[in-house]
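Take a look at these structures.
Across the two complexes that follow, subunit A remains constant while its partner is subunit B and subsequently subunit C.
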Partner chain A sequence: MSSTLESRSADVPSIPAPHQLGSRRAPSQKRAAAWMLAPAAVLLVTFVLIPIALTFALAFTDSKLVSPQPIRFIGFDNFTRIFADATFWKSLRNTVVFAVFVVPLQAGFALGLALLINTKIKGVNFFRTIYFLPVVTSMVVVAILWTFLYQPNGLINSLLLKIGIHGPDWLGDTHTALAAIIFMSIWQNVGFHMVIWLSGLQTIPSSLYEASSLDGASTWQNFKWVTWPGLKQTRTFILITITIAALALFTQINIMTQGGPLDSTSTVVYQAVRAGFQQQQTGYASAISLVFFVIVLMVSLVQRFLTRDKDQVR
Partner chain B sequence: MAVRTYQRLVATSLAVALAVTMTSCAKGSSSQSDSGGSTLTLWTHNAGNAAELASINAIVTDYNSSQKNYQVKVQAFPQDSYNQSVTAAAAAKKLPCILDVDAPNVPNWAWAKYLAPLTGLDDTLSKFLPSTVGKWNSATYSFGYYDVSLTMVSRKSVLEANGIRIPTIDKPWTAAEFSAGLDKIKAGGKFKYALDLGTSATGEWWPYAYSPLLQSFGGDLINRTDFTSADKTLNGAAAVKWATWFRSMITGGFAPLKSGADPIADFGNGVSAILWSGQWSAVPLVKKFGDDVVFLPPVDFGNGPKIGGGSWQWAVSSGCANQAGAMDYMKFASQDKYVASVATATFNIPATDAAAAVVKGYEKGGAYDIFRQYSKKFATIRPPTPGYPFIATEFTKTAQDILNGADPKTELDQAVLDIDANQKSNNNFS
Partner chain C sequence: MSDTLAPATQSDIDEPRANVTAAKKRVGSIPGLIFRIVLCLVFGLPLIFMIISGFKPDDQIFSDLTSIRAFLPVGHLSFDNYTAVFDRVPFGTFIMNSVIISVCTVVLGVIVNSMAAFALARLTFRGKTVILSIIIATLIVPFETLALPLLWWVNKLPWLDANGFSFGWLDTYQVQILPFVANAFSIYLFYQFFDSIPKELDEAATVDGAGWFHIYRKIVMPLSGPAIATVSILTFLPAWNSYLWPLMVVQSENLRPAMVGIDYFKQLNVSWGQLMAYASMITIPVLALFIAFQRAFINSIASSGVKG
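Up next, the complex of A and B:
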């Protein structure tokens, strides 16, 4: 979303170009725009930029949450500790696995749902609402509910038992815990991206479909040659937002498993929060956050690069 | 022109942001002296606990009407965000004069200079249960009105039917006896689980409930002679024995890997035969089973039965500009009648003998007197080192991993490495 905002604000100066006559008008508009920007800018600086700058600085110190001792600069000690920590590598692996499964599955299901409800039949709004409901519900509430569903004698296993399957202790088994969380996360979030896909679908002019059906195109050909290319912008946006959200996995973990069993669901953000608040090691937690920041930045840049590359080819 | 406007804006917003943070800092240090008037602010974690909060409010009301010099004002917080609020307030130098603190955190907060040593209370506090008085570096920082006790809950009828001796405070179960008992109950087949360790709870429950078992085996969270290392105490032979036993409860099919959401209810419904829980289980279970339910001493795994000691306690902040007033309140609030009133409101073990005599159930021979005896005889406080919060998180993770099947020795060695590194990085809190 930020990318669209940026491009739009970059466009703003070019719009008043036609009325060059009012040469006094353009600067005053710019000033107005600038002052309108100010409240948001102040908040961003105070609550985003300054904390990020602090994180960068604290990552190289032994700062503690609770301590009477002055902060000391300790160079790269925190980073050597991170990279020597087996739990960090497990957390990183879990985070990557989560993203690798969630990004395509969630985007795919969301597109499927969006195609289903992008029809003009009676009652389609009812289904749109149903699919969107989990998104409106807080993740904390959803996580607590699913913890109950996943219990060894919970609803899911009771249903499985009816068809003769003895379900595992979903969240208590190292083999199923992460998968269970992946499934639940997709269920919770799929509605949000469905709405985004839907908005993308509705920007495709119906004249294109009319033309293609005149040519005798099948449903699949319609999708492949009209719908899919028409969703290019939406696709990039969805890819990047799901990836960043997936890498930042924390809430579900904190509520459902606390990283267990045997670190099978621990994530990088969970490690940072645990180190910073429970273990009172602000400096170490900042260093984890910094590493995480670099990883997310690299992933986003790679994605930007890949999507931009395609633009030029076409 | 436009560029300059933007530059100016960026500069302005930075300046405003800085100004905002600066003034809030400045406010922090200046308002500290404001509280130096006759008003003393008191913070408590009890916002979600109506009965306990009411008993604290009653003490404050009594105090405010008993003299004219000081007025105490109560501010209650929900327990979940209480510690964070205190830490944030301390960073902003806006701590209240009087605050409550969970016992194992007292040394950490005392070391961080959040708390001031209590003065003039030595005589009064000598009559308190040792586990209800918070000490660090030979100074007293806090006292509590009550303590709570861990207990093995079971039913007379179940134990008798399985031919298991009912243990007493003077003759608790030995490890062998306990193990044989579990075998008998399991063989009887009447219960899904012979034992429920209550593993579904999170947070401080893990060190509170399971480090006493470790201590009973002869291990500990850290070497208590100088609190610099956990080596050989948390990863010695005794600790490995504890870890192996802990895991064997799961692999042997005696206890669930993860207990139900409410282990006390499960026990009440006949899911488990023996429950490792605390005295708070007494009220619902006595209601359900009458005098069939028994609250037994912990098992003696070789080093004597152990239970965790120390609950919420009261302290004075070092930043309080009116130390005399705060100490005056603490002295007033430490009277036996208030120990009795808070213990009554919370159903907990009264901290003094005089209070116990008047709290229903805790008088000599009362229904709950046994908990007070356990507390007196078996309570071991969690290690009084400022490194405790870190040790607690390490122990929790280690115990969970061991329960899930990690190699005991490897896990315990790792915990020792982490704990020792943390103690060292803080200069051993000296």
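Up next, the complex of A and C:
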């Protein structure tokens, strides 16, 4: 601990003089490496690798969270149960719809914001800070705040009424609940990806822009031929991270709608938590988690493949 | 990674490079400015509304909704909602728990992950590439896929403390801290940073008889301020904001963190003003930290986009 404190306060780190280093002989690299890796290795094995293995193993059992009975192997029973469950299919559909809207909209808005503030004008830092505020606000707080804003007599409907629109009960109506959560999620997260786009924009050498201006390129041509190709890596990264985060939708649902009304906002992770935590059916929840994991893996592989393929064609 | 996010030169393309630095900052086009300000309102007003409403009684919040007063500190302002929060739930305990959990996760995370990264980046031993690729492979596994098997698993783990040996970690501090200490992404960030520090430093120190642990502590870590800041911020935010995990593993009030606490508080059928007061109290400290260390925050997020 002391080392981290020291290093933070050391503005101009200096290499210690030889006499400060003592005269101990350096132990072998192998032994030092083993000691230094050990804490992280133990923790990663305990809390990542074993749980990954458990997801696969428990999915084929009837294990309960707390149960005196021994665990029984039940083959594919959990999976047949999942695929026969209408609520699961509805949850999967909602999860996919959420991702299909959030991924392009959030990535697009974030790029728009990044382009908007990637200029040398007065107050650009101020704007960036404000756009970023929702990102540092916890999703829990954002979900509670927007539950209030979305009330039938809340702020949003009061504003709509001013221009003559009678707003719906946003979270209580099966037609609007998921859309309302999509909008709020983008509002909270878009600043995060704005910053990632910005760092991508700044890796594009300004000499490219200078060259294309000499050729008389318009703003749009600049974007199409310099900016967009220059953002290739950033694009893949942003697509994959937004997709994985979108598929893991849980917090907003648990706080705002509890999956309702009529399961219109239930999601895969929400179902997994309900099964594994509320109903304590660890085996069944592991099976849902495994299905979810396979979906995430497939989607990110497909996305990686598609983005790579397109780049080769170009 | 260490690139600052100083605005790039898109609007300066048509000017000669030499004049760019000398050029006075301009306000930009008027429509662009209006657009930026409208967006400021979109992102800022809900948060202002939250903070302002925390100081108003509910009937006033609702009567103010139809006018600009909803965002202004006008009318009957008081700390009544704030005192009500403390009366109805042990808010002080909740926030202390959040602080303990976040600080422990950050401090342990910086030590554990930087040590592992040091071994991987600067020492030679067999199996290094395999270990590194396993660590990077785990990056694609979202926590949500592991949460439920992990819940079952931590309920079986042993623990040794003053009361002796016991099984089951539910309802403890360690179950909220230890699973999040070792982090593949933090190791990767440290690894990249350590890899860029000249290895001649190690050689010189070894010749002088310094041990590897000494080199890590006295040479490499003091040079790694930016990496430490980045990892600290990227560990702190999810630790402070974590919700799903503590929701499942903590039952008792005296171990409950603030984010789960607000969910319980909401279910007590409290007034909206009280809920906004609670929300403000757990948000304003983080917003203040962000505004104070803005550059570090933004750089951390930006470096999380570095492609591996």
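The working rule: the second predicted complex is superposed on the first by the 268 of 314 C-alpha atoms of A that agree within 3 Å, B and C clash if a C-alpha of one lies under 4 Å from a C-alpha of the other, contacts with A are read in each partner's own complex, and residues count from 1 in each chain.
Everything below uses one rule, namely that contacts are C-beta pairs under 8 Å (C-beta built on N, C-alpha and C of every residue); 3 or more make two chains touch, one makes a residue touch a chain.
In this text, all values refer to a predicted model and were calculated from it rather than measured experimentally.
In the superposition on chain A, contact of A:S67 is made with subunit B only, not with subunit C.
Contact with subunit C, but none with subunit B, is seen for A:L116 once the two complexes are overlaid on the shared chain. By the touch criterion defined above, A:Q279 lies against subunit B but remains apart from subunit C after alignment on the C-alpha atoms of chain A. More residues of subunit A are touched by C (comparison of subunit B with subunit C). Look at A:I50: by the touch rule set out above, it reaches both subunit B and subunit C. In the superposed pair of complexes, A:A41 makes contact with subunit B and with subunit C alike. Of the two partner chains, subunit B is the only one that A:D169 touches; subunit C does not reach it. In the superposed model, A:L155 makes contact with subunit C only, not with subunit B.
In the superposition on chain A, A:V97 contacts neither subunit B nor subunit C.
Of the two partner chains, subunit B is the only one touched by A:G260; subunit C is not.
On subunit A, the surface touched by subunit B in one complex and the surface touched by subunit C in the other have residues 13, 27, 30, 34-35, 37, 41, 46, 50, 65-66, 148, 277 in common. Against subunit A, in their complex, subunit B makes its touches with residues 1-2, 5-6, 9-10, 12-14, 16-17, 20-21, 84, 87, 90, 108-109, 111-114, 202, 257-258, 260-261, 389-390, 393-394, 397, 400-401, 404-406, 422, 425-427. Within the complex, the subunit C residues that touch subunit A are 3, 5, 7-14, 17, 20, 23, 25-28, 32, 35-36, 39-40, 42-44, 46-47, 49-50, 53, 62, 65-66, 70, 107, 110-113, 115-116, 118-120, 123-126, 128, 131, 135, 138, 140-153, 155, 157, 178-182, 184, 187, 201, 204-206, 208-214, 216-219, 221-225, 228-229, 237, 240-241, 243-244, 247-248, 259, 262-263, 266, 272, 275-276, 279, 282-283, 286-287, 290-291, 294, 297-298, 301-305, 307.
Considering their complex, residues 1, 3-4, 6-8, 10, 13, 15-16, 18, 20-27, 29-30, 32-37, 39-41, 43-44, 46-52, 54-55, 58, 63, 65-66, 113, 115-125, 127-141, 144-146, 148-149, 153-155, 158, 161-162, 187, 191-192, 195-196, 198-204, 206, 209-210, 213, 222, 233-234, 236-238, 244-245, 247-248, 250-251, 254-255, 269, 272-273, 275-277, 282, 285-286, 288-290, 292-293, 296-297, 300 of subunit A touch subunit C. Residues 13, 27, 30-31, 34-35, 37-38, 41-42, 45-46, 50, 62, 64-69, 148, 151-152, 169, 172, 174, 258-263, 274, 277-281 of subunit A are the ones touching subunit B in the complex.
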